[in-house]
Each structure stands twice: as structure tokens, then as C-alpha cells.
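Each chain carries a letter (A, B, C and D) given by its place in the written order, and its residues are counted from 1.
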Amino acid sequence: MNDGNRVLVKQIFQDAKFVRSLGIELTSFGQGWCETQIAVSPTLQQQHGFIHAGVLMTLADHTCGSAAASTVPEDRDVITVENKISFLRPAAHPVLICRAEVLRSGKTLIFVEAAVLAERKEGRVIVAKASSTLSVIPLNREGRQNMSLRTMILSSPVMKYSSDR
Amino acid sequence: MNDGNRVLVKQIFQDAKFVRSLGIELTSFGQGWCETQIAVSPTLQQQHGFIHAGVLMTLADHTCGSAAASTVPEDRDVITVENKISFLRPAAHPVLICRAEVLRSGKTLIFVEAAVLAERKEGRVIVAKASSTLSVIPLNREGRQNMSLRTMILSSPVMKYSSDR
Amino acid sequence: MNDGNRVLVKQIFQDAKFVRSLGIELTSFGQGWCETQIAVSPTLQQQHGFIHAGVLMTLADHTCGSAAASTVPEDRDVITVENKISFLRPAAHPVLICRAEVLRSGKTLIFVEAAVLAERKEGRVIVAKASSTLSVIPLNREGRQNMSLRTMILSSPVMKYSSDR
Amino acid sequence: MNDGNRVLVKQIFQDAKFVRSLGIELTSFGQGWCETQIAVSPTLQQQHGFIHAGVLMTLADHTCGSAAASTVPEDRDVITVENKISFLRPAAHPVLICRAEVLRSGKTLIFVEAAVLAERKEGRVIVAKASSTLSVIPLNREGRQNMSLRTMILSSPVMKYSSDR
């Protein structure tokens, strides 16, 4: 992994206010993988006292994004296209760990999967499993894309579907 | 929709600390559907200045859960099994609206989908589309399930897979 | 919709041997949507006497692909990136209908969803719901892409993940 | 794995006409996993000469189902609730192998994932990755469920959504 990727992965955590506000931390990463963790506070709960599905989805999505970012050429960045997550067990543990691994890093698309794990006395147990597709986009030299970039990528020269269903 | 469902849907919003902390509001609901909205503040952003995918996933998941809860018998509650979301456009609008609709409400499983929409001058535009499966679980009389309930539902009498991959 | 798209959609059905062997028929289409149907024969069953999930997935995937193809510029074609399908009801009806609609047609990615419906006396009932992402790829002048094309698109200049997990 | 599971997994292949017609073979299985393979014939192609996504989805779905079936109590069977599959590379190889592994086997739901692999000179390469949720249903003593069973499981006592969208 070159320095550009290293900087990009770190920026993805430094610059994402939402992720910082939840307390998600980057613990380690390499070419094609990333590990993060979160200390579970009461504010992250849903109505049954478990960690909200949205927290697990955020954790998985951001960790997948960072794993993907560790594989792109120097002038590229990534953005999530879609994400699926299965909730295998209720999560009510003090610390959750997420490990994302790139399955395939292509020129325009990157496929990543992530496991969310809880520490138990008897060992780590899987709490959720996610699979995500990311799009490779141009890197904004100031370190972040502005909206016009993604609009450029997504907008069709032919037509626009603006279904308001 | 009977009173039990009405109370359940409202509780799902009142008791979910994470959802309240993001500012997600219940705007309206009926039997088999639910609408919510969120005012987008800078804390909800990711590294490119867009709303974080995790916020959209939380919004969609919680709205799907409430739509599902509007359809269950009086002694039942719901919990998310899995969720998939596609990000159709970057979301950088001041207000996002989410509408979830139940596709099929069964005895043990409920299938729901949700659209996240942004208000533009030219009308509402779809930003994300989610599809989710929820499990119907016993309602805890104190208004929330404790973990043993979901553990009971998920734990196999035969074996336990605790893969830590 | 221009003639190029009309030809492309028709070719997608004529040239797909697997789809023809199942008896999937193109019934109608326009810009951004496609409708197909299948007459259910015993060979399409799974072990419980229902239509195999694989048949429904094939029907949904191919109809999504055609809807997407109706929206691309003249020198472009489409290929499925990922597909999710929920099975809402058992399907044991003589005829199934599939309707796919494009949610968003971008320069490089197209988002489509499809419903599989069964005719009942009391009206059409939804049997399955799918959501799919497709990639826009160059159109091979001879009417079909060869493998090197998709390889070109997916292969990273930087690295290759060949996980055999 | 007890004899009941062994019989069930074998039946899932013997009794699924569609799967036999594609030439999908059960190669090996154990408690919580299953391996299958398919010899790729021209009838399984789509319009670009690759194996149709529907074939890969059928292969993954059926192998996931069998892995799940290897974990249920003796009077139980399984049925697919939902399935997501990502297509990582074009598949144009003579033989494809699928390996499914159970992530979590619960009383009512089973979570499974599957990789579709192609043999290359340089080793096995991953072509597709699927994740699926299955429902645990009563086993029909005659070896197959009739439709009323699944209807019983899915039909709500409260309401029926028969959206024909």
C-alpha cells in the first residue's frame, strides 16, 4: 500500500463528522482490509436496549469504504453504491469490532464485505455481516469531492429518472 | 390500525435514543406505512460533505421498522433481520423524507421497502431505496424486549455457529 | 426511446440462450421499464413443488437488465453488478409476470427494481421483489461483448484479489 | 450431522427438478456447509456468452439452502427468504464450484453465505458472492412441503398486503 492510500484511509476517518460523533475508531488497516471499533454508549441504543441497526450499518459501511480506499490508484477515491447487512445476533456488548475485506478491486467498482464482531469471554462472536459495492471516483485534490463530481458520475447524458415514489 | 399498533409505532421513536439523537422525526403513519423526516446538520456528514450513508441507512431502517410495527398483532413487536440500501444520488439537501411501505406482513416475517426523498424546487427526488426483512417477536409487556427474548428466538437447539471470520 | 435501445432490448432476449430455454418472454417495454412473463412448467420446480427461487431470480435479473438497456446511449450495453431478491410468497401459479422499472440511470451505473407477480382470481399478487445495480459497458459492435471487455472494466491496474474463500 | 439432515440435503438435490435440469451436482457437505458444482454448457449462457446471472443465483441459492438444511432439527426443513448476490467477475469457465457456509443457525432463521469459484490454471478465483436468509419450516413427512404450509407461515392473521405494484 502506498502513501496516498494511507493518507486517504486516515482522511476518511478524520473528515467524516458523523463517524467521529459516534466514536468509531480506525484501529488498523492494510492493502485490501480495514479494522475499526466502537465503544457502545447508551446513546447508540434502539428501543429494546440493543445497539441500533443504524450504528452497525454505519460501522460496516465506513469500514468497507476504508478497505476499498486502500486499493485505489493515487488520484482516486470511493463512494458507496449499495450495502446489504444481515443482523445475526442482538448486539449489546460494550465494544464492537468491525473487519472489512476487499473481495475484488476493479477499475470502476470495488466489492467489499465486513463482519461486525463482539468480544465475549468465550471468544469473538459474529453479530452482523455486510456486503457492499463501491464506485471508484476521481479524488478531489483538496481531499474531498464536491457534489458536482458525484453528480457528474451518476448523471446520464440521455435522461434522468426522478421518480418521487 | 388499532391502538396497540399506534402506541407501538410511537414508542419505537420515543425509546430509540440513537434515532432521537440524529433528529429523526415521525411525521405520519397508518396501517402498513410510515413517514419520517430528518433535518440535515453538519454532524451528519461524511468526508465529502454529503450526508453519511449510515444516516440514510438508520433513517430507512427505523422507518421500515415502524411501518412493520403498524401491522403486527397486539402482543407482538418487530426486529430487523436484514436491510439492503442503494444510494441513487448524493444527498446534500437540508431536509430528507423517508416513506416506508409494507410489501407483505406474515406471521413470522414482514417485508418492507423504503424510499428516501429530497425536496428540490422541481419536486421530490429519490436519493436512496431500501428493502428490509423484519422478524415478528413477542412484545415485552414493559414495552421493550430484553436480550434473552431475541436470543431465545435466534438460538438453535442443535448448534451454534460462532464463526469469528 | 430510440431505435438503438429497441434493438438492444430485443437482442437481450434473442441472444440469451438460458432465458429462452426457460421460456421467459418479452411482453412489452418502453424507456425505463420492461415487462416479461413465464409459463411455469414442472421442470422449473424446486423440491417442494414451488417454482425454484433461481427461476424467479433469473426472471427478475433479465427483466431488470432489459429495463436498464432501454435507457443507455447508443454505443452502450449493460451487465448486472448485484441483485437482491425477497421471496414474499410461495409461487405455484401457472403464469408469472415480471415488471422492472429504472429508479436511476446514470453514466456508469443504473439502479432498477422489479416485482414478480402472479395472476389470481382476485387480482395480481406480488410474489417477489428484486433490486439490482447494473454497470454501463461499451457495446460490442457485433452485438455482444467478449470477455476481455468486462475484464478490462473490472481489472484493477493496481492489484488483484483472488480470494478463494 | 445426524442421518435426518443427511437425507434432507440429498433430497433437496434429488427432488429439485430445475436444479437437476441445469446439471448442478452435490459434491460434498457436512454440518453447516455444502459444496456443489456445475459444468457450464452453452444453454446456460446469456447474451454476451457468459454464464447467465440466473444460473449463478440458482447455484448459490440451492447450495445455501442445502448448507442450511444440514443444521435443522429432524422435523424441520428450510425455504429461502431473501438472497443477495454480487457478480465480481464474468464467468466463462467450463466448471464452477460453489461453497456455502452457515453463519448462524437459529430456531426460526438461518443466515448463510456462498462463494462461486472458477478453476483457473493459477488457482481458484472467486466469481460471485452471495448472502441469504432462510426460514425454518415444518418438514412434510412425505418429504416435501405443500403450499399450504408456507402459506400458513407467511399469512398474517391481521391483514394481507396484496400490492400489485
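Remarks
The rule is short, and it goes like this: a contact is a pair of C-beta atoms (placed from the backbone, for glycine too) under 8 Å apart; a residue touches a chain by one contact, two chains touch by 3 or more.
The structure presented is a predicted model; accordingly, all values stated were derived computationally and were not measured.
Of the two chain pairs shown, A-B and B-D, the one joined by more C-beta contacts is A-B.
Chain geometry summary: the mean Cα position of chain A and that of chain B are 20 Å apart. Per-chain CA centroids place chain B at a distance of 28 Å from chain D. Shared interface positions of chain C, i.e. residues touching 2 or more other chains, are given as 81-82, 84, 86, 88-89, 103-104, 126, 133, 154, 161, 163. Viewed as a contact network, the protein chains are fully connected, with every chain touching every other. Chain C meets chain A in the complex at residues 31-32, 71-73, 81-82, 84, 101-109, 133, 135, 152-161, 163. The part of chain A that touches chain D in the complex is made up of residues 84, 86, 88-89, 103-104, 111, 113, 126, 129, 131, 133. By the touch criterion given at the top, residues 11-12, 14-19, 21-22, 42-50, 52-55, 57-59, 61-62, 77, 79-90, 92, 115, 117, 122-126, 140, 144-147, 150-151, 154, 162-165 of chain D touch chain C in their complex.
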